[in-house]
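Handing you a structure now.
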Amino acid sequence: MSCSSTPAQLSKIVDELCDLHACKYLFHSNLLGGRCPSGISLESLVLLSRELFFPGFYGEERICEETLNYHTGVKCVEMYNLLREQFAAGYRFGLREQDTELSDEEIKARADKAAIEVLKEFPRIRKILATDVLAAYNADPAATSLSEVVLCYPAIRAITNYRLAHAIYKIGVPIIPRIITEIAHSETGIDIHPAAQIGSSFTIDHGTGVVIGATTIIGDRVKLYQGVTLGARSFPLNDAGNPIKGVARHPILEDGVVVYSNATILGRITIGHDAVIGGNIWLTHDVEPNERLIQRK
Amino acid sequence: MSCSSTPAQLSKIVDELCDLHACKYLFHSNLLGGRCPSGISLESLVLLSRELFFPGFYGEERICEETLNYHTGVKCVEMYNLLREQFAAGYRFGLREQDTELSDEEIKARADKAAIEVLKEFPRIRKILATDVLAAYNADPAATSLSEVVLCYPAIRAITNYRLAHAIYKIGVPIIPRIITEIAHSETGIDIHPAAQIGSSFTIDHGTGVVIGATTIIGDRVKLYQGVTLGARSFPLNDAGNPIKGVARHPILEDGVVVYSNATILGRITIGHDAVIGGNIWLTHDVEPNERLIQRK
Amino acid sequence: MSCSSTPAQLSKIVDELCDLHACKYLFHSNLLGGRCPSGISLESLVLLSRELFFPGFYGEERICEETLNYHTGVKCVEMYNLLREQFAAGYRFGLREQDTELSDEEIKARADKAAIEVLKEFPRIRKILATDVLAAYNADPAATSLSEVVLCYPAIRAITNYRLAHAIYKIGVPIIPRIITEIAHSETGIDIHPAAQIGSSFTIDHGTGVVIGATTIIGDRVKLYQGVTLGARSFPLNDAGNPIKGVARHPILEDGVVVYSNATILGRITIGHDAVIGGNIWLTHDVEPNERLIQRK
Amino acid sequence: MSCSSTPAQLSKIVDELCDLHACKYLFHSNLLGGRCPSGISLESLVLLSRELFFPGFYGEERICEETLNYHTGVKCVEMYNLLREQFAAGYRFGLREQDTELSDEEIKARADKAAIEVLKEFPRIRKILATDVLAAYNADPAATSLSEVVLCYPAIRAITNYRLAHAIYKIGVPIIPRIITEIAHSETGIDIHPAAQIGSSFTIDHGTGVVIGATTIIGDRVKLYQGVTLGARSFPLNDAGNPIKGVARHPILEDGVVVYSNATILGRITIGHDAVIGGNIWLTHDVEPNERLIQRK
Amino acid sequence: MSCSSTPAQLSKIVDELCDLHACKYLFHSNLLGGRCPSGISLESLVLLSRELFFPGFYGEERICEETLNYHTGVKCVEMYNLLREQFAAGYRFGLREQDTELSDEEIKARADKAAIEVLKEFPRIRKILATDVLAAYNADPAATSLSEVVLCYPAIRAITNYRLAHAIYKIGVPIIPRIITEIAHSETGIDIHPAAQIGSSFTIDHGTGVVIGATTIIGDRVKLYQGVTLGARSFPLNDAGNPIKGVARHPILEDGVVVYSNATILGRITIGHDAVIGGNIWLTHDVEPNERLIQRK
Amino acid sequence: MSCSSTPAQLSKIVDELCDLHACKYLFHSNLLGGRCPSGISLESLVLLSRELFFPGFYGEERICEETLNYHTGVKCVEMYNLLREQFAAGYRFGLREQDTELSDEEIKARADKAAIEVLKEFPRIRKILATDVLAAYNADPAATSLSEVVLCYPAIRAITNYRLAHAIYKIGVPIIPRIITEIAHSETGIDIHPAAQIGSSFTIDHGTGVVIGATTIIGDRVKLYQGVTLGARSFPLNDAGNPIKGVARHPILEDGVVVYSNATILGRITIGHDAVIGGNIWLTHDVEPNERLIQRK
């Protein structure tokens, strides 16, 4: 058969792909230690968090008031175990980057502790999510009920992921928060960095294309529309010509700010409370409280 | 073991998460009545509708002209049952919002009737979809065949979901249409409200970021590019300071209009037939037929 | 029961949906020949390519240096078989469009040959992907490690799909490359046509809404931000009023160009090396090397 | 292509297979009413019952004393819903056989009531199963622990299915009990009719080939070995030459009886308490208490 | 870590397991030709055949008289494709054993032809299965309806597999028939060789442990009980001391014979019509018509 | 609704089922320590072992001589990880029974060591399995090839499970070996205790109902038929009236013994080399070498 040379060619390709020098940076070795954080497990974790925050809306079970306790109990146990497993993976991932070593025992103890700490935050997170749902409902004439908002609005899913990821970020677990917000980014087109700080009653209409950078600070009752960028204008380089990490470089939006679609707000500037930024605006300077900035025709 | 306190902590978290007062709005109780409409079932319904509209392109079976009848028959039965089940869930969802009661019998009878009505629309919907496919092919020099358009173009998937959702919307089934268009939104970045009215030969190039609001009216042979917003400029508030629902507040695009990428068209204005709106334009007033509006440099 | 008329109504709908004249263009007949290229199989192929390019980051196995060879071998064999199968489907799809006939033997021989050719490109593709990963890391102050870039950045997934699709495109397999880039488009909001030519060290920040047209040429070390369009300005029509296919109509970006968010660059223009294009710019003319174009306030 | 005649031949076969006269008895029509009881759902029900009777041994979750309540609660709700659904299917199946009609409401109400009645039996069933586990452990020198018996012994699975099926049988749900014991028959080779009456501390060693007929009565502390038949010797025929249903025709085994491998005990005879029946015996007459019947060499 | 020597040990084991000499007989090489017949695919085929023979009893769909045609059509197409694929695998398997070569084209053409021939037998097979169902019902006082027999009786599943396998055997497809009867053997404990010849109205009660050898001939209206062996007594050896294949060596049971549980009937003997063989009998000689052989007490 | 009392009833049932005293023996508590050995994982392990012992016959991949190494490598790594995980679960299970404590570290280290030891046995096990395959082929006139034996014969599957389980048993891992042989018992009706000792070239024809007890010793070239029991006659009781564990109580079959169907051999007796035991024999005393024992008529 004409394919008789195939195995030999395959074998050569395999050898090239296994050249350890060539796959430096791109190969994550992990036979006997723990695995890389798993996108698939984290998607399950995200779905489970939605079932805990919005019981009866997500998940396939039928729940009533008398059985809510059972379902919540089982899901908390499941969430706890998923968090433990992925946090351990996250810590290992972070340590590997820093070439630090820690015994598997220590990593697990740290992960177990972080898992219970994050789980303790769930009631508080849900309380803020309730304000977000209400804000979305009040802001959109097309919304027919609070339940519609919970069930259909992509912003609720993106904000839920962000609020969970932010709680994990604050506890110091590496990489996991970022994967969680990227799951929402892929699902909704809304890209919120887990390190951003966002107040209550936050809402985003439509949402596709929204970007909220790592050092952004957002107050309460802020509303964004699709395509809004809260980004960095430029960033200081180090001697090697690479950007210096960790510098505050994204905007501050005070309470009650509204930003219309496709506006671009760049740099560590402050948009004063209750200001309104029109659509398609390109903005790199501070804005006074209550000011209304509209694109000239 | 140091984890011995975990079960007690878990138990406390469970109790907090089960506080019925705290999860008001966020809990959908449904033990003995029907379930909440299911995103997973509706994704299956969307896939099945694609298999019915575009036989042989979607679905894993091999179909030929002689067996088309069998496959279409089985899929229609399956579609009918999915529609009945989800429409019943949709009606229950809507009644719960309005605190209205209806016997389970009545809900099911209504759902069965609506299901067959929507299914009757399938041949008509497919006829319009054929015009959309042709329009996309003619508009894009990169399209090598009509089949490529059917198989690859995200706009076709978004428009298919919209046309199906709109037919369901017109029959008055709550919530389901919105979930169906949000499925396409997540998949394609194209957000079309199911209440919008859109003529034949409609096409969207690339599509990410497109928003078409609930009261938008679009004629025949309209073409949009990525990032176009057909939105509301502002909306009247009621005495409580909340937006009044149901007011016409989105644009009317007459036949043959073309809108280039990232243009933003807001408010109940009219874009006359065959007008061309350039990219990145911010537009809040009427445009004459055949007019060409281009962003000044 | 009141539903007794249902089967008769179903049967009528089935007949209408099977009207071969009505589903012209929308029906892909394929009982005994091969199947239509399968989106599901191609998603598996994309996942598998990520496992080959970034071993240990994607995939559920634990791999170490000593076992990399086994895993790579098995995945190459699997990839080879997936490529053969889908390439054969792609060739059949293309031939059907052109009403050309080829024996099943010839199609398979051609597919087998193309599959091994594409697989041979994998080591070279991975080498370029390593430059893309490094470029993304260097460009983003929020990136904490190269591994974070590999694991989380949507741009890496979109560029990986593009580079694989482009290799398949160059070998002349119909339709498959386009489906592969559309998989990334759906996942990341980044729409790169497989025919575009893109140099090394390419990166896109955030990415949602980026469009890169079929005849675009991009040099080395180019960086784009979210919402950037590299599109066609207009295209010549043939006598029938339809666009002429295959004309160069998208921009050329020379080495080192940076384009900020939501800029729109249209037509076969040239952006000179190391030029910087500001956000929200609408650009339809050539730009000199090293020039900085910023939106006026 | 030489296959061109295939569709026509297929079509003829389809027509023959759809000849309603030919598939009389073999076709269960059920479009709009409920479905046939589902083997797949009943396998899930069986697995779930094992998780409820033996928590921590079956099921994938990690359970501890503090969380047992949550898991049991969720599984009881799930069990309740499975029972309701399958009992309704069972009642419909039975009614169809008797050509009786009942409204769907009445069927569901009956199924719901039966479901809760059966669920109430679960604590009592588990109590008896505990005696069966202990009996198996005490009877087998190869058993190293009670836990090994629970986890590995096919007899425990067969007896669990029987005890559950018998409870459902007593409440009068058609067909479902029989499917449940057949699931164990397929899994273990032990065939116990759900109508048989069996006391506590019952055990079967190895078990393959054991048959226990519908009117068998078994006391407490009885032990069987593999291949034992407790069958009917002959049965009275009606005028049409068919067996009369419902006549007592299987043996009575009093407390403490032991029957060794491959013994065959036929007819409504009584084996007195604590009798021992040797292997390969063919037995059709009563046996005195404490008697030992051994196969002569 | 103490596991550091693991990869080296693994590697040595891999090498030993890949020693081609050591895995002679046990290794089925098949990279580029077709695959080995697949047990998983054949289990699907068996399930599908049950759905075709007993519509509405097996399968998850709801079927009614008006939609039977659609479902049967789709399942016939699916069955045809499964048969083609597995028959091709079966022919390749057979050819490999005989060291014969045939082009892939020829194999496929042969498989396609055999597939349609077997499918043509389906209506005839179903007709006989209807007689088997009726026979089982009439023979068992515990059977409450024909539907119960179809849905629950393991004998029906074993006989269905046998009748399908026998049709495939007669057409000469290697290995596939044997796998199909082994699937039933595993599920029911009934082991019928596909080459056996069995008349209509055949039934087996309980069934575990029944063995029916390859050259057995069974008339109409025969009934067996559990544990019955229809086997070979001894078989002639060739010069190498191995059994000569293909010699008639199993019993002939004429019309109306009944064989009770655990009877063993060995060798090419004839049991005359309407004879009754008692349980546990060891039988190696001819039996007259209407004779009743009972184990002496 | 009439179901309003359901939740209260459910809640009462849950409480009863959670009564820790009532579920003593039947509850395996394991929240924070490891899980119970998993039947599902062990089924995967069994399938994987078949893929390693019989490459190309089991498993879905296409393997050829050049790629055997890759597949074997990946499967060995996978097997190693499955063994480690399940062995750790097995040790924990055993320790819990003995109320012994061991740190999780020690358990894992022990499991890792045992896993590699068992894996080292794989080449030796396969060598013996090759003799079993050859023996089955030579003994059965109906076998058309060695490949048919590998692919179809239930005895090969039962013996493979036994040989793997026996290797694990010898290393001292609790419970796991027993679950592995019970998997084969359920699949084939052949029940071989993992502690039994069995020589090479062992074969069982048909197999349903075969029982081989824990202290059985079987030489080389032994052949059994269906329904054969190698069991215990009686066993000494301790003062509590329970059987004393660990006493030799099953038969010794020397080299070349043949036992025909349904024979029952009980007690620690010796069947001399090359003896033949006829079907349905009940045997409780020693048999001389070369003796032929046949059931008298």
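By written order: A, B, C, D, E and F. Residues from 1 in each chain.
Keep this in mind: contacts are C-beta pairs under 8 Å (C-beta built on N, C-alpha and C of every residue); 3 or more make two chains touch, one makes a residue touch a chain.
Everything numeric in this text was worked out from a predicted model, so none of it was measured.
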* For the Cα fit of chain C against chain D, please give the angle of the superposing rotation, nearest 5 degrees. => 180
* Structure fact -> At the largest C-alpha centroid distance from chain C we find chain D
* Asked: Using mean CA coordinates as chain centres, what's the chain B-chain D distance in Å?
  -> 49
* Determine the centre-to-centre distance between chain A and chain B, using the mean Cα coordinates as centres, and give it in whole Å. => 25
* **Inter-centroid spacing, chain F versus chain B (mean Cα positions, whole Å)** => 56
* chain C: positions in contact with at least two other chains -> 3, 6-7, 10-11, 14, 31-32, 62, 64-67, 69-70, 72-73, 76-77, 189, 208-209, 227, 262, 280
* For chain F, which residues count as touching chain D in their complex? -> 2-3, 6, 9-11, 13-14, 16-20, 22-32, 35-40, 93, 96-97, 174-175, 178-179, 182, 185-186, 189, 191, 193, 195, 208-209, 211, 213-214, 227, 229, 231-232, 235, 242-247, 249, 262, 264, 266, 280, 282
* Structure fact -> Given the complex, residues on chain A that touch chain D span 61-62, 67, 69-74, 76-78, 81
* To do: Please name which positions on chain B make contact with chain C in the complex.
  => 52-58, 60, 62-69, 72-73, 76-77, 80, 109, 112, 116, 119-120, 122-123, 126-127, 129-130, 133-134, 138-148, 150-154, 187-189, 206, 208-209, 225-227, 261-262, 278-280, 295, 297
* **Touching residues (chain side chain B, partner chain D) in the complex** => 7-8, 10-11, 14, 31, 64-67, 70, 77, 105
